[in-house]
Amino acid sequence: MSPENPLPQTESIWSHRVYYGETDAMGVVYYANYLHWFEQARNQLLLDCGSSYGQMEEEGLFLPVSEAHCSYLEPARFDQVIAVHSTIEELKRASICFVYRIINRSRGERLITRGWTKHACVDREGRMLRFPQWFRDLFC
Amino acid sequence: MSPENPLPQTESIWSHRVYYGETDAMGVVYYANYLHWFEQARNQLLLDCGSSYGQMEEEGLFLPVSEAHCSYLEPARFDQVIAVHSTIEELKRASICFVYRIINRSRGERLITRGWTKHACVDREGRMLRFPQWFRDLFC
Amino acid sequence: MSPENPLPQTESIWSHRVYYGETDAMGVVYYANYLHWFEQARNQLLLDCGSSYGQMEEEGLFLPVSEAHCSYLEPARFDQVIAVHSTIEELKRASICFVYRIINRSRGERLITRGWTKHACVDREGRMLRFPQWFRDLFC
Amino acid sequence: MSPENPLPQTESIWSHRVYYGETDAMGVVYYANYLHWFEQARNQLLLDCGSSYGQMEEEGLFLPVSEAHCSYLEPARFDQVIAVHSTIEELKRASICFVYRIINRSRGERLITRGWTKHACVDREGRMLRFPQWFRDLFC
């Protein structure tokens, strides 16, 4: 593993009970809402590493999404409890990739969704930025 | 009608086709989504009056919601076309009240929702502001 | 207190960390999202009473919202932790009213929002239903 | 081009004005909301072809999303008018792929987003279904 591309083994888990406002008329969670869960899962990962997205912003570091992907294996339904497992797949000079697996805890811990999001690292004005060392150190 | 409380007769109509992402597992539009429609309807009203919310902000005028109310008379369903009729009910020194009626055009033009939102008029820093004359003139 | 209008003293608390997807370009939580929180808070209240909205539906009991109200006293912002306190204000023959107070735990426990929702009690076909005794007993 | 993989040249355009509820505290449209636009764009495509998703469901045809992808090239902001161009990229026996390009009409018609969604064709019970001929004929 090169220093440019460390793959920290940190895994974070964010749990959630599905509510009506997330479902649609097919009776299942609407496909866009998984991206809301992904955000909450990566916020949790930063908290678990001793920082927070809020703190990053105070330091002038922003992580706008440049790409998102989601594979819907099985639906989630109202009142089910799901757990989003998130890890950092790739940490480059100025971009980061989070990977997510969603487990349905109300249906035998089945894996129901896989996804990932790629983010640029930019300053307040949107200019590309190298990740500072303190950020890299969070995941060691 | 007092100058402090003009009730402009402007009525604006914003039409929309219900999509899956707005419905829930009960098969009807989720109750919070009517507030999204209300925003789009009042944006339309400002456009119809020759301004826009975006232009107001450029002038340093913001209208944060201070109160919202909604009465759900009948549900709206996927693929139905609805029309939100909006008017200004009250225009005070530093607050404004919009009133909304939602008509289901796919079900005999039935009235299905009534609502209103009350907004303060503030500057960029959130300080109370009197509505400027150019704003009042929009509705004459 | 009449048997027709018991006011159970049950109070439930649902906590939540504000994420980006709930905020808007004014930097604060979008006004419709408080209604999402209200739903999650009343789901929590039913769980705390030993039932769940999912279980109610299995029993053929549905609670569509007939009216919703929200007063926005102060905004909530990204990364702040809020707590929604919910109680049952009124339990009539075939309708129920939940009341909500939102506390900003990241800003000195300030009360930032007040709201309520009124729900009808209906069966799967949408016909009015009297609340069964087992439901009333949840709150005693 | 094989009969199994026709690439209909139909392109549909769905236009929309960005409203506050779609933006986040970074001042731009929240990344999950593009998936809401994608749905509305493919609904429009079916309407333009003389059918509708509602009609498909009446015929017992459902198109749950199995995969979604989005590349965010440039942000969209409040009050900007965007146009989602959608086409059918692939129509297999029992799956369909829609491709989307979003143009920012308020910023020199710049391409700001690319995305695609893949859908299975299933019946009311969720069983795989071959697309019927009447559906294929929509795009000829």
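We call the chains A, B, C and D, going by the order they appear; numbering starts again at 1 in every chain.
By our rule, contacts are C-beta pairs under 8 Å (C-beta built on N, C-alpha and C of every residue); 3 or more make two chains touch, one makes a residue touch a chain.
Since the structure is predicted, the reported quantities are computational estimates derived from the model, not experimental observations.
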| item | value |
| --- | --- |
| Shared chain contacts [chain B and chain D, defined touch] | A, C |
| Recurring contact interface, reference B-D, options B-C, A-D or A-C [over half identical by residue number] | A-C |
| Chain separated most widely from chain D, comparing mean CA positions | C |
| Cα superposition angle of chain A on its copy chain C, in degrees to the nearest 5 | 180 |
| Interface residue identity across copies chain A, chain D - same or different by half | same |
| Cα-centroid distance, chain A relative to chain C, in whole angstrom | 28 |
| Cα-centroid distance, chain A relative to chain D, in whole angstrom | 24 |
| CA centroid of chain A to CA centroid of chain B, Å | 35 |
| Per-residue overlap in chain C, given as positions that touch at least 2 other chains | 20-21, 26, 28, 32, 35-36, 39, 78 |
| Contact footprint of chain B on chain D as seen in their complex | 17, 19-21, 35-36, 39-40, 43, 52-54, 78-79 |
| Interfacial residue positions of chain A with respect to chain B in the complex | 20-21, 23-28, 30, 32, 77-78 |
| For the chain D and chain A complex, residues of the former touching the latter | 26, 28, 31-33, 35-36, 39, 62, 64-72, 75, 117 |
